[in-house]
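What follows is a set of structures to go through.
What follows is a pair of complexes built around chain A, which joins chain B in one and chain C in the other.
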Partner chain A sequence: MNLMKYYYKRIAASLLLTVSLVGQVKLAVNTIPTRVDVHLDGINLGSSPIKNERVTPGVHKFEIKKKGYAPLTYDLLVNPAQAVQLDFFLNPVYKVRFKTEEKGLVFELNGEHRWDVQLVRLELEAGNHFLRVFKIGEIIDEQTIRVDEPKKFNYYLKKPLSEE
Partner chain B sequence: MLKPFFNRIVLIAGSTVILGLIAGCSAFRGPLYPDIIYNNRQPLISVTYEYGEIELILPIKYDAAVPDNILFKIFTQGDTLHPVISILQEAPKEFLAYLPQGVLDIQNSTNLIEIIPQDKNFDPVSVRFKGIRFGRILMPPKTIRMGQLIVSGNTFLNKNDSTLASVDISLQSYDNIIHETQSNRSGSFQLAIPGEYRYAKHLRIVAGENLIFKPYTKKLDFSKVRKLKMDIGLGPSDEMKEPLYMTNKNNVHFREGPDIGSETLFLLEEGEIISVTRVTPGEYHGFIEVDLDDEKSVQMDGWIERTDLRLVNLHNVYEQTVEY
Partner chain C sequence: MSMNQRILVHLILTFEIILGFNPEPTYLVLNHFDRDLPAAEQALIDNFGNSTFEFDPSIHHMFEDIDNHENPAASHMVTIKELGEKYQVNYILFNRIEHIDDRFVLNGLLFNTRSGGLIHRRKIDLKQYLNGQINELNMWVGNTVGKVEKNWEKNRKSILFSDPEEINYEKTPRGAAIRSLAAPGWGQAYSGKKVSAGLWASTESSLSLAAIISFLNYDKAAKSFLKNSKLYDETNDEKEISDYRTAAENDWNDHKKYSQLAIIFTAATGTGWIANSIHAWIVGPKPYTNIYQQWNTK
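For the complex of A and B:
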């Protein structure tokens, strides 16, 4: 009797699994760099690369965080397909030294981050950043700086930034 | 005694030098800005979908005849105007089509395969089915038959064109009944038989076997059309004046004169109507209607023995309730 109950439970469980799998989309997630924790709708799927997960068609939120890289949030409307594969290329954050010989200047990056010292260490997401230079409250220079590796910037008034 | 003291001095001095070096280096490197500065650059993300295929298999069977070519059209999601795919091919034993994932209605049977034989002897048929997301659909076999042959029309009384309901009507090949029916209350009837009888010889329609009159019989020819419209008049025409009698048995002699030995013009079947004009003690003189090939009839006069006739009551023309 108990054995029959066990088999019934097994059959019911496999039927339930089959029903729940029908309509789901196979999910694979790759990241660069690898071994990054991937969260789907707030649930940790584990470390990338992720294979053979299942996701229902509809809107889902992917969140990826790794030290040294910009955090990534991505909303995806999953189509009712057989499988979907996502490749995330994380933006690195580079360490940058910013130096100037000029005095009395205030620097502002991306409209919100300010400093007034002649030498500062920054952690910048790879890509372009917008630099403004103030002197006695007035903008005296605007430049776009590009960060694609750890580097050192030297700022000279009214001249493009030089890199070391 | 002094050794521990010197050791402690060395340790303190060393620590001071290291701390000084660190502080010096830090001052040299500058302070660390407290926040990571993001530029909200759109990260590079690649999304690749893999769509499955739907393999659709419909076995086809043929009854009696096979059309040369068949046009298959697949409609989905209840749309019967725009097929998702049309395939013209030689009549296959199995129709096979591949559809992209997501085109079929997987909730209801609103998907449709229309099978259109490219031969006017066959009628189009359709198969409704419920879809799947992807994978294989093996459908039950569908049989393609030649189009049905249809005879339709009305039954009426020749005498006054009034509707005759519940008249037995059958289609016969030789004396085998292929299909039979009865006219409805409004006298309408429709008979359909399989298409393979299209070129059958000796195919005929017989109407009125449940009436007191001689049944109406006509040869049918479907060689040019598959649908025949035929209004069937039963009983004597309006030209036949009363009193009306009819023969009560088969092989009744319809003779030229009343005399014994007079020439027999026709041998009449049971139910033949005679419009009686003269009466003698043993014989009736009257007219019968003789049908011609062109659906016209002529009247011929002659003599019949009185015992071979009975009076016709046109108020009840049905065999079962006829009054003698």
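For the complex of A and C:
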């Protein structure tokens, strides 16, 4: 009799598991670089690569975080399907120093950050950034600078003759 | 073969027949590229030898509205099944590549012709890189068949920025500091700072030389003092006593003076040596970019 009860419990548990898994979508998350914390709707799924996770159809929010990289937030509408595989590429953040010997200049980066000191330390996402330079309230320069490694930028109004 | 084994083999064969098991999957490939990619078809044939590909670029428009359907996975089931029967293939692979400025978007859809459903989908938006479109096509198809080669992943990584912790520089401030610790000025010279290299090398050489000379003079004065003291003790001649006494006193003063100078110059040499190493680290080779006002040149 006890043996029957045991089997009934096993069958019931299996059915419950099957029912709970029906309608769920298999989820795999790969990232470059690997070993990145993956959060799904605020719950930490662990470090990437993530395999054989389950997600219900609907809208979900992914948050990908790793020290030294720009955090990534991604909203995804999961359709009823067999599996969803997501690949994320994280962009590193580099420590950059921006220096000028020129006086009276105001710098603006990406239309957001402004400074008027001669040396500033910044943490910038790798890639292109838009630099605008002001002098006495007027724009005197606009150009795109490329941040591809931790480095120092020296800004000059004139190019030395030796470098012409 | 036992009865059980016979039943098992029979069951496996039956399932293979029912499921239409095919060791060599066949694909109808519908490529829709906004630019010519002549190598794309051959790349699939060459890289996935276990699969058979048939190409028909004329069919593509029907899959462009897939996201407008309530259930994209089941949006074209009848058409997919019909195409499967017409071309006698297991799968239909739709690849669309569009170029936007310096980026390209690959939209891949893989349908199963038996069910008519969408079984894999990939949308990737990447910066262009060398043979990037073909590489991404290989990775997308490879991912669906479970065969992704390492060199494809390596090629893709070529467009990504380096991990700040993995960036290796040929010359580093630490390298400069170590060199200057071994020989003053070497680190500065290694960083291309020839003037400061010369200044540090000459300053440290002068200080070291002064310390050595002071020590030698101290040693000479100390020995002379011992000698004159001994002669002073051994003589009874009044003039000699006076002379030896004066000489011994001068030696004593010299020995004290050179001892202090040796200590000062040695301390200065040591401090300078460390300062030179720190200076080499500060002015050490670091990546930089000079930006010049562009509006003047326009």
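Going forward, the second predicted complex is superposed on the first by the 147 of 164 C-alpha atoms of A that agree within 3 Å, B and C clash if a C-alpha of one lies under 4 Å from a C-alpha of the other, contacts with A are read in each partner's own complex, and residues count from 1 in each chain.
The rule we apply is simple: a contact is a pair of C-beta atoms (placed from the backbone, for glycine too) under 8 Å apart; a residue touches a chain by one contact, two chains touch by 3 or more.
None of the values given here were measured: they were computed from a predicted structure.
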item: Joint occupancy of chain A by chain B and chain C, clash or fit; value: clash
item: Partner chain(s) touched by A:Trp115 [first = chain B, second = chain C, both, neither]; value: first
item: Which superposed partner A:Val106 touches (first chain B, second chain C, both, neither); value: neither
item: Which superposed partner A:Leu124 touches (first chain B, second chain C, both, neither); value: first
item: First, second, both or neither for A:Val55, with chain B first and chain C second; value: neither
item: Touched partner set for A:Leu45, first chain B, second chain C, both or neither; value: neither
item: Touching partner for A:Leu72 - first (chain B), second (chain C), both, neither; value: first
item: Which of chain B and chain C A:Leu161 touches, first, second, both or neither; value: neither
item: Colliding stretch - chain B into chain C, listed as 20-28, 56-64, 92-100 or 308-316; value: 92-100
item: Shared contact residues on chain A - chain B and chain C; value: 79-83, 85, 87, 89, 91, 93, 126-127
item: Residue ranges of chain A in contact with chain B within the complex; value: 22-23, 26, 70, 72, 74, 76, 79-91, 93, 97-99, 109-110, 113, 115, 117-129
item: Chain C-touching residues of chain A, taken from the complex the two chains share; value: 32-33, 68, 79-83, 85, 87, 89, 91-95, 126-127, 131, 133, 140-143, 145, 148-159, 163
item: Chain A contact footprint on chain B (complex, rising order); value: 29-33, 35-39, 41, 43-52, 101-102, 133-134
item: Contacting residues of chain C [partner chain A, same complex]; value: 71-73, 118-122, 124, 143, 156-157, 160-165, 167, 286-296
